[in-house]
Amino acid sequence: MPRPFGDRQMMSSARRPLSAAAGNLLGIHLFQCPDAVGIVAKVSECIASRGGNIHRVDVFVPDDKPVFYSRSEFTYNPRLWPRDDLRKDFLNLSCCFGAQRSTVRVPDLDPKYKIAVLASKQDHCLFDLLHRWQEGRLPVDINCVISNHDRPQDNHVRRFLQRHAIPYYYLPTTPGNKREQEILELIQGTDFVVLARYMQIMSESFLKAYGKDIINIHHGLLPSFKGGHPSRQAFNAGVKLIGATSHFVTPELDAGPIIEQMVERVSHRDTLQSFVVKSENLEKQCLAEAIKSYCELRVLPYELKKTVVF
Amino acid sequence: MPRPFGDRQMMSSARRPLSAAAGNLLGIHLFQCPDAVGIVAKVSECIASRGGNIHRVDVFVPDDKPVFYSRSEFTYNPRLWPRDDLRKDFLNLSCCFGAQRSTVRVPDLDPKYKIAVLASKQDHCLFDLLHRWQEGRLPVDINCVISNHDRPQDNHVRRFLQRHAIPYYYLPTTPGNKREQEILELIQGTDFVVLARYMQIMSESFLKAYGKDIINIHHGLLPSFKGGHPSRQAFNAGVKLIGATSHFVTPELDAGPIIEQMVERVSHRDTLQSFVVKSENLEKQCLAEAIKSYCELRVLPYELKKTVVF
Amino acid sequence: MPRPFGDRQMMSSARRPLSAAAGNLLGIHLFQCPDAVGIVAKVSECIASRGGNIHRVDVFVPDDKPVFYSRSEFTYNPRLWPRDDLRKDFLNLSCCFGAQRSTVRVPDLDPKYKIAVLASKQDHCLFDLLHRWQEGRLPVDINCVISNHDRPQDNHVRRFLQRHAIPYYYLPTTPGNKREQEILELIQGTDFVVLARYMQIMSESFLKAYGKDIINIHHGLLPSFKGGHPSRQAFNAGVKLIGATSHFVTPELDAGPIIEQMVERVSHRDTLQSFVVKSENLEKQCLAEAIKSYCELRVLPYELKKTVVF
Amino acid sequence: MPRPFGDRQMMSSARRPLSAAAGNLLGIHLFQCPDAVGIVAKVSECIASRGGNIHRVDVFVPDDKPVFYSRSEFTYNPRLWPRDDLRKDFLNLSCCFGAQRSTVRVPDLDPKYKIAVLASKQDHCLFDLLHRWQEGRLPVDINCVISNHDRPQDNHVRRFLQRHAIPYYYLPTTPGNKREQEILELIQGTDFVVLARYMQIMSESFLKAYGKDIINIHHGLLPSFKGGHPSRQAFNAGVKLIGATSHFVTPELDAGPIIEQMVERVSHRDTLQSFVVKSENLEKQCLAEAIKSYCELRVLPYELKKTVVF
């Protein structure tokens, strides 16, 4: 057993990069453009020219397609490189390479991503997200929580939301009315939406209207076990491994680009119930991991049905 | 995305074993005695003679020692086999085989195990246990929580405990005074004690005085990285895997029989801080798993430093 | 680095169970019958009555079906319990419980299982099996190897087979002629057949005519990615995990009861080629594990599409 | 089951990067120098200036030390950038950044790394390496195999080596004579040496005299279980996880920088024998992985006891 004054005490030093010690900030740049010679050189030269110091670079160029993806982490002095100049400099890069995508974030300067979480009867993913958020492990602001299911025993969720002044909306759905218009209004101003086991299929028009990314957790190992009751499907198929999949939502049901997948072993001793329990545990981790990667600018769509996850 | 009325609705059937449908109960029998011919026969005959139906048996006989360990799960009719007869029947078995250990539990009849949780500054394990307990995934009654560290930001723990009427005691320790006498009084009446990252070494006299099992979580892969700062030790050793270990407490520091171990991959990119974060995640799972196995009568000491975990 | 006289030297003691020291033998009994009270008692009493000492028992009774499965390992004295009496005793048990299945093996007395291995162009699974067999890690006799594909670079397979005097048959197939009649004749006298990436679908009549178990390895995570090109299917689906599945062959393509599944992580950096390489590594382990479990009497069909793997 | 003409047929396209299609080559550059602004820019500019196209970059700058590590993969046109100019260009970079380490390789032009493998009684790692090498999964030339142990049943190793014309030397060691001088002469001209469970400790003078990297596999999870009999140590400690560690050899026994570690679960049912069997399986994978990473220029020493493994 460790004595008092344990590991935590020693982290401060490890926590502070030398370069940051001087009040420097961390910048993250995500980039996608047609492949060409010299992109890395130009991006890194742009950062170096402002005194920025690259700590990490991820580059990906598929073997069979002339597309270029990169993610750069750098520390820089905000006085020498004002936030707005930074924006402009990377904008110029985008132009000269015809970038399909160019995002830059300075976590300590920029506002956190704003999200809305939609949930339903099974609230294990919602509750897990709220805890991670409370513990500071989810770098987002939660604009609101929307559920199409309400019940007395939900009061621990409601109590949590009240305590943290997070608006909660109960929008019961019917086959005839999915409340998409009201949802659309509530999620205005969010940067992306999380479906934490939300039991409804979003219409194509809804997706178009929102126009931003929606991350869903599916309690099955896609592309198998799409649609309803994946745990029951897996149970009946006699699989020896079950899984969970977090993916972007597209009009086609459970067919959006996969961000993360996780599995756990099952045996003949597992019941449908233990399949569900094990699955719920996977869903929580898999969804949280996807959101975290997304917020850290690690996730890029790649081709029609794929993702780059740096 | 699953439609409304998902897997949960279908579990009732999977949940209810046929035999249990008739108001039968589940019994668990854990047994240790010198190896001999016919033990399994006698134990199962004893159960069958009362109309008990064995669903699961685990037997272990080491290759190199004449010791017999078994764990049996059976369903039975409590009207045909009253709780007290059940106790007596298995007591007779113990006698005729000279058992070192014989425990029988009927989870739906017997009181839950009573535990006390001791914690310190790092309360992630404590908080994780409280949540699992709240969600009904930890089949124990928590008599009290004792901490030798208190701070404003602990109020979420205190609030939780108040809400659930679980006594909380703040017993600050000093090198000179470990408050062991007060702790001993507070943990009277518990079935076992959990050290959820408690930052103190218990004295041999304390262990003797308590006389029951104490389960500790160590944030390192024992037998390496004993004592303080295991995460820093592992970080400095340049390991590529870190781990956590739950074990029984013995007078020798961090040398008690190991119940469960878990690992996670680390790389050169990990800092001491991320070592600690990854470790904390392992500690939660590893400690909860050990407690769960212990409550389900799956854990037996084996030789001096080993455990059987059925 | 270990010094001379390492672990191997000390295993002799660990290797020899006390009971075996007296020239005792290990017996394995696999049993399936309708569930009833007292089965374990009767089976273990039968073994004990002959002085047999049970070392391990696995019992499985599904929650929702009155079926009983068990596997028992015991040591016994072959002079006190002749092989033929052993057979008869367990036969009597089968009768009195109306067993659907009852197998007993004494590995040190009974002949090894005889198998035939069918392979095709990709011979990595075949070659892996041959090596495990050579190293004594596959407790079978290989009656013959049949391939519908031959090429110069296969000479390492042929050389291996020649060296070990294992017959090799080259039976090229055409859409019109699957050579099933010749194959049937060649696999007569085998206990089961292994399809080590054999690129043909067996006809229902073939399966009927053979009448014994056929174990196949599929290079995908069934039930997804059935049929041809599972690696390409997985690659195009943008999955983050790929897998392999060993299963019993049934008339329905790739839909037989699953014995074992294994997975490995893939990322956007993986090419179709690296998918195949990673998959091949999984296929070898997954197939070998299934065969090993089958030979150790650990595998039982369960319901239509499931297996019990003790 | 896949039909004929499976995945392999489709790889050719996936195999050939567009840029390589034009007869371009892959270059790999590994770099270590004091951290400074603009290193990535200069390296990538150097590559771009010759028309080289970066496919992948790994950069690592520790939080708490001003050191810079990078590994770059790029395709280039060997007619526009002759091998010798390439060498010179990167040499200039090394000078201007005061690099502690700068290596560049063009796998399709440069000779493979030459290695010597030292083995002893347990030859599972040696045999596994030979098979991977035969299957083209180990990009090295094996100058020779040296063993201090010989026995009839080794003839499969000898036969293999004869068939592939790899010199084999039997140098039995005694406590008094480790044959280091003869070994030194035999390993002259190698790029690095592999200790595949070689049962001897190399003297400091031997390491100095050789002067290049030596990779060892240890059948325990370092830093625990150093020295002899790690499997027995782990077995006696009652661990629930065993592991293997590949690391660089330094004068201090089993304390060199760790390259790779792998673990597997064990239980009370495992014997010392099964510990050894499971360990051997880990050792093979762990050693092969380390050698592969080393040959691909992914491994860099980092501080005294650590490695960067890109």
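Lettered A, B, C and D in written order, each chain numbered from 1.
FYI, a residue touches a chain if its C-beta (ideal position, glycine included) is under 8 Å from a C-beta of that chain, and two chains touch if they have at least 3 such contacts.
The chain list, named the UniProt way, goes like this: A, B, C, D = Formyl transferase N-terminal domain-containing protein.
Every value quoted in this text rests on a predicted model; they were computed, and no experiment measured them.
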Shared interface numbers for chain A and chain C above half of all numbers used, same, or below, different? same
On C-alpha atoms only, rotate chain A onto chain B and read off the angle in steps of 5 degrees. 180
Centre to centre, by mean C-alpha position, how many angstrom separate chain A and chain D? 36
Separation of the C-alpha centres, chain B versus chain D, in whole Å, is 42
Contacts with two or more other chains occur in chain C at residues 14-15, 56, 60, 63-64, 269, 271
Touching residues of chain B toward chain C in the complex: what are they? 13-18, 35-41, 44-45, 47-48, 51-61, 63-66
Chain D-touching residues of chain B, taken from the complex the two chains share: 60, 62-63, 221-224, 236-241, 243, 257-263, 267-269, 271, 302-303, 305-309
